[in-house]
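Right, I'll just put the structure down here and ask away after.
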Amino acid sequence: MDYVIEMLNITKKFPGILANDNVSLQLKNGEIHALLGENGAGKSTLMSVLFGLYKPEEGVIKKNGKTIKIANPNDSNKYGIGMVHQHFKLVHNFTVLENIILGVESTKNGVLKMGEAKKRVVELSEKYHLSVNPDDLISDITVGQQQRVEILKMLYRDNEILIFDEPTAMLTPQEIIELMKIMRGLTKEGKSILFITHKLDEIKLVADRCTILRKGKYIDTIDVQSTTKEVMSELMVGRKVQLQVDKEPASPTDVVLNVKNLTVKTKRSKKNKLTNVSFEAKSGEIVCIAGIDGNGQKELVYALTGLSDVTQGTITLHGEDITKDTIRKRRVAGMSHIPEDRHKHGLILDYSLAYNLVLQRYFSKAFQKLGFLKHRSINTYSNELIEKFDIRSGQGRKTLVRSMSGGNQQKAILAREIDTDPEILVAVQPTRGLDVGAIEYIHKQLIRQRDEGKAILLISLELDEVLSVSDRVLVIYEGEIVADLDPTSTTEQELGLYMSGAKREAVS
Amino acid sequence: MNSVYFLVQQTMFFSIPLLVVALGGMFSERGGVVNIALEGIMIMGAFASIFVISVLQDTMQGQLLLIIAILVAVAAGMIFSLFHAYASINMKANQVISGTALNMFAPAFATFVARTIQVTKSINFNNTFRIESVPLLGDIPVLGQLFFQNTYLTTFLGIAILIVSAFVLNKTKFGLRLRACGEHPQAADSVGINVYRMRYAGVLLSGALAGLGGLIFVIPTSTNFNATVSGYGFLALAVLIFGQWKPKRIIIAAFFFGFMKTLASAYTGIEFLSNLGISSYLYKMIPYIATLLVLALTSKKSQAPRASGIPYDKGLR
Amino acid sequence: TPEPVAPVEDVVEDVVDDVEEVVDEVVDEVVDEVVEEPSGYELAMITDIGDIDDKSFNQGTWEGIVEYAEANGVTHKYYKPTEKSTDAYVAAIDLAVAGGAMVIVTPGFLFEPAIFQAQDMYPEISFILLDGFPQDGTYTEFRIEANVYSIFYAEQQSGFMAGYAAVMDGYTKLGFMGGMAVPAVVRFGYGFAQGAEYAAAQMGIDAIELKYHYTGNFDATPENQTMAASWYGAGTEVIFAAGGKVGNSVMAAAEAADGKVIGVDVDQGSESDTVITSAKKELAISVQQGLAGYYAGEFKGGVSEVLDITVDAVGLPFATSRFNQFTQADYDAIYAALVADTDGIASAILGDADVAAAGELPLTIVSVTVFE
Amino acid sequence: MMNKLKHRLLASSGFAASLIAIFAGLFVGFIILLITNPDQAVDGFVTILKGGFTGGAKGIGNIFYLATPIIMTGLSVGFAFKTGLFNIGASGQLIVGGYVAVLIGVLAPGLGSFHWVIALIGGMAAGALWAFIPGLLKALFNVHEVISSIMMNYIGMFMVNALVAETVFDSLRAQSLPVAQSAQMPTLGMDTLFKGSSVNAGIFVAILFVIVLYIILNKTTFGYELKACGFNKDASRYAGINAKRNIILSMTIAGAMAGVAGGLIYLAGSGKFIEIVDVLAMEGFTGISVALLASSNPIGVLFTGIFVSYITNGGFYMQLYDFVPEIIDIIISIIIYFSALALIVRHFFDRYALKSGLGDDDIPAPKVEPKRKRRIGLKNKEVDKDE
């Protein structure tokens, strides 16, 4: 059998953890090979080794049977290996085009020839339906668009071995379908793909084979067609996982959050980011805001949580007008917030896990007296949360959050936000990047919160999640709420129509 | 009109060194290395080149000697900046500590060497470099008097450096890669750019320009070099930030500041200003206060290169 | 698996042992040091604000010491205090003594309180204090002991001659840039203005302009250069630069503007062709005389004197000056008049103690514009 | 318990690394000594090593005396660093603080035994005000604190020159007047213990502030907030922390420290005065080295301040031999340079500590500022509310 790439007996250590422990992986020519594993299982690490970002302590890499040395990304580029990273590697104040050509610029006497490059990028983006404007700044485009830029970067380089590290985490369902098509197309052109995802559906849809890691160790490589999702998830987690969310119908009571005629306009854009948005969330229900990325979700969340100002309208929490309140006041009044961007907002990467776990509560009586931190309580409390939410890391509460895996970072935020016992929990993409086991757990938590009488506002791009977790679905399109739906009587297709603006209903 | 000519000519003596050194700092910081050693590098550049001038001036004079001095200053600045590069890039050292060390080392070293060689630390030189009037250009009415009389080769060199710097930074492959390393070195690394090498290039360029700046600074304003550049390296750093790390703004900042400094020092020779009866202390403060005011009005969007000051560490997420 | 770390008790014990050892050693060394004969530098100078090459009194003094010491085969050394404070000066004196000093020269009035203390601490050491008289730091107690020789200079006479010569040489637009308004600099400036006045009266000139400023530093800076350039630009013909390296900035400006400069303290004619003359203050010579006295057993201890033109301590270096009209005869005449104090010409020159600011000098022909 | 101590020792690898830097720096210094003056190199070197001890009790006293202001400026710079701000303006804050202290010290002699305390508080307030301005400019207008602090250095210097000339001027010497006896720092008997030195209660004031700042940074919610802002402004805003307020407060506290430094210098009674000279106060820049050598840790600042003073004194005594005195500046700068390199050594130590199976729960908390700690400086993030 001819393998394009073989990674044999790879071992990679980090302080306090064996990220890869004698792991092997063989990629066949022209296949899509999925890599599955819990958060922190070592998937990204393994791929980074292949891409030359990390040097393994042990193991060899072979290409077409020949041992090769990959010391840095230059080498991997040379061998035709490209990678879309889980944490994007884009320069925020460069244009899309500049980011794509970076490293493979075409020049004349050292001077950039941007015109030609632009033409090629436009061609590529049309060919693969990856629509982006080459002249936009990265900081001005959505995460989904950034993802596309990452893919274009790889295509622009004509790489033959493509690594996708959780490329779908940020995409809309339509975009995911598109991406799957693209990936299939790419393999037809003779490229081979390594594909990391936590979504078993996606694996089922496109992957040929799948290698499973657990806690840094190699578990198995399976044939996707002949293996069920249940088996896969069991191999991955080491126990049976419930893939279907299981919940009683909601019994909402009094209104917790009331949003009236909310309008947000920013200095930069002429159009309103939000127009006359009104809705309410009651205790005991999960209200979901569904929509394609960039339709005002961010502005809505920022306005609700106080991260930015409101142009017009009111927000009331339990009857109290909080429209002009500070972030802290809203917090204390019972609003909890799982932010979309965990690195920007959710965590202080250079604080310990313990310090991060009290980020929203360090000032409360439990952790502070007369302005002095009660370290003992902080430490006990964080140990509890770590235990309760199964947050895995090298050095427990003393781990620097920066060194934790993406999934575990997310769990830390969840633990913190849920455990504050909020009146309303604003959860933005709470399961992004989590493994199925963790997702199961999070979903259960959300539902438990609901059942305990909390109101939950879920902002999600994933239709699956929207339909299975929520009790009520509001669809947002271009800054307006265009539908108020009952998830039990709605299909993904219908939802898609509202989300794309093809359909709308009058919402009070 | 005479005092206008005077002010413009004089402004150059302040602005051009600030401009050149700030551009040097720009290359370093856009590549991701904070360089507060500009002051020290200026001293080293000035020291080496003035020393060479003092040795050669009996056999050689004028622009040729100046060109040799320029080359020496550039070389000295680059060599000295290597220490900063090594510490901040290879050793992932704290860049402010390394810079502080170099700032302390340079004057001590210049004094030490000068004293070991010639007892006193000040090195005298004959200024044979001033251009009374540039042939042809100096005769142009008004413009000639403004820009092409009582000037130095280095003034034009400074302007040329500005143009080249702006071009290199924004239009070339090198510039693109350098900027990437200063904003997001992981991204640069992941596309096969050698971050270390680019950062070395940035720091070395800053060494070259700061070394040159030291020479340009000393020549028009004294007849000897005394192991100091009077804090102008730090002012250049201020100009760099004032200029928001962009060449076109840096020149505005350098000229604004230089002009204010000129006014503040020249007021006694300008009747209208000296008649205002403002004390010299206040005049001395004006450039700094004015800069603060302008900054307050223009800084809203200012943003340093994101990765500058952070040693590049592959393992970092 | 890594080696197990030594039990912590052991570690601590080791550390304590080490520390004890080091302390013992240090104590031994200190004792040795105190007992040990100092290696010996007989002549010492303590520097103050500037370095020994400040083109001002540190440098002048040091050059005098070096010259004397080399001519007479005496060991010599200068010491830098850790900071500018009386205590630090005293500590530097201690060090000089520990280094074997027999005579210590301290340039500048800042040493007054330090010498006030040191004269009692080290009665066997001789001190030469330039530009100052020992006092307690608050000007309440002044006292000079037999081991201190205090020297002042009549800088106003030197300045006077410079001003006189400048006007006699045909200049009518003058400038004065002093470093800081310390007494010696002020005396130079006042003398300069009065000398110009005197010459103008003698020549029947009815208007002389004098721009007058203290730069606030003793350095060569672009600011100083710009100010000088602006004066030249506004018509000033010659600037008397009395502030160490400020002079180098003035010379740089003069070279660009065809202006002229008058140097200070030492003959600065060699530093730039623009220097027409220098208002000298013979620090070196007076230091050498003081040292010679010491070695001849005639140290002028307990004496404070003002050295003036009668002992050639101030004046112009005529031979190397670049005058156009001012002749040797003119020079000799004014020199003789000052020495003889003809018509009270020398004693009439006002000094820093007589007038509070340059603007208050009683001048009729010279109009002084003071830039505060 | 013993186990814990062991971990602490290992974790103090930073200290070991600093020692390595010092040895390396001294070694290079020794080589320079050997090259320039082989006969006396050993003697000269020993003198450096002995630091202030060469001067006996007096020398020891002077170590503390010279250390006092640089500990304070070190605290000033270090505290701001912890909040992600680079206070390069300690020099201006120091001189403004020094001036107000002198002003009170000269003009208000009726204050009795509290005189020096009030003068010091005045200096502290003035320094605080001087840093408040860059803090405010940063918080409200996003003006980079480095540039505004540099500007404030010069403005402060010129302003104090003008004010001294107007208010407390000793016209005979162009400097400030001596402060009243009651405004001088008490010596607490140290003048007899360390006879002849200028050491005074200032060192205890410095130690007091070391402790106060350590507690603020490590034990209080305020410190938690400040450091959070330093690490990630967006996240601290998300956590409801008022970043703007913190920037201003942090700068103000930093300025207060530098202001105290100024007060301690001019109230020391060592015969030091504010001169009307256009030169920035050196102590402000030395503070940068002191803070950085200590990784901005207040306790560390105490030791590095004393160390820098120790070796500076060593350099002073080295003048007993035939060396160009600048040699000591060269050696100190080399030590500082090596200490920058030493952080990598320290990193290595930390790794070792982790790798050697000590990854259990009892390792002392990784002191909050690993890799990113070295991100200093000239970074500027908008603290603006709108996105």
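Which chain is which? They are A, B, C and D, in the order written, and residues in each are numbered from 1.
Definition applied: a residue touches a chain if its C-beta (ideal position, glycine included) is under 8 Å from a C-beta of that chain, and two chains touch if they have at least 3 such contacts.
Note that the structure is a prediction, hence the values are computed from the model and not measured.
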Exercise. Count the C-beta pairs in contact for B-D and for A-B, then report the pair with the higher count.
Key: B-D
Self-check item: Computed distance of Cα centres, subunit C from subunit A, in Å
Solution: 73
Exercise. Starting from the mean Cα coordinates of subunit B and subunit D, work out the distance between those two points in Å.
Key: 28
Practice problem: Compute the distance, rounded to whole Å, between the mean C-alpha positions of subunit A and subunit B. | Solution: 46
Quiz item: Centre to centre, by mean C-alpha position, how many angstrom separate subunit C and subunit D?
Solution: 33
Quiz item: Counting only residues that touch at least 2 other chains, which ones in subunit C make the list?
Solution: 216, 219
Self-check item: Of all residues in subunit B, the ones touching two or more other chains
Solution: 111, 279, 281, 284, 303, 306, 316
Quiz prompt | Sites on subunit A at which at least two other chains make contact | solution = 402
Self-check item: Interchain contacts, given as pairs of chains that touch
Solution: A-B, A-D, B-C, B-D, C-D
Quiz item: Which of the residues in subunit B end up touching subunit C in this complex?
Solution: 2-3, 6, 10, 13-14, 111, 120-122, 124, 127, 130, 150, 217, 220-224, 226, 228, 230, 232, 261-262, 264-271, 274, 279-281, 284
Exercise. Provide the residue numbers of subunit B that touch subunit A in the complex, in ascending order.
Key: 171-174, 176-177, 179-180, 183-184, 186-194, 303, 306, 314-317
Practice problem: Could you pull out which subunit C residues touch subunit D in their complex? | Solution: 1-2, 5, 7-9, 11, 26, 29-30, 33-34, 38-39, 49, 77, 79-92, 94-95, 98-99, 109-110, 113-114, 137-139, 180-183, 215-219, 356
Self-check item: Contacting residues of subunit A [partner subunit B, same complex]
Solution: 14, 51, 53-54, 72-74, 76-77, 83, 85, 87, 89-94, 98-99, 101-105, 107, 110-112, 153, 402-403
Quiz item: Considering the complex alone, what residue numbers of subunit D touch subunit B?
Solution: 36, 86, 88, 137, 140-144, 146-148, 150-152, 154-155, 158-159, 161-162, 165, 278, 280, 285, 288-289, 292-293, 324, 326-327, 329-330, 332-334, 336-337, 339-341, 343-344, 347, 371-372, 374-382, 384
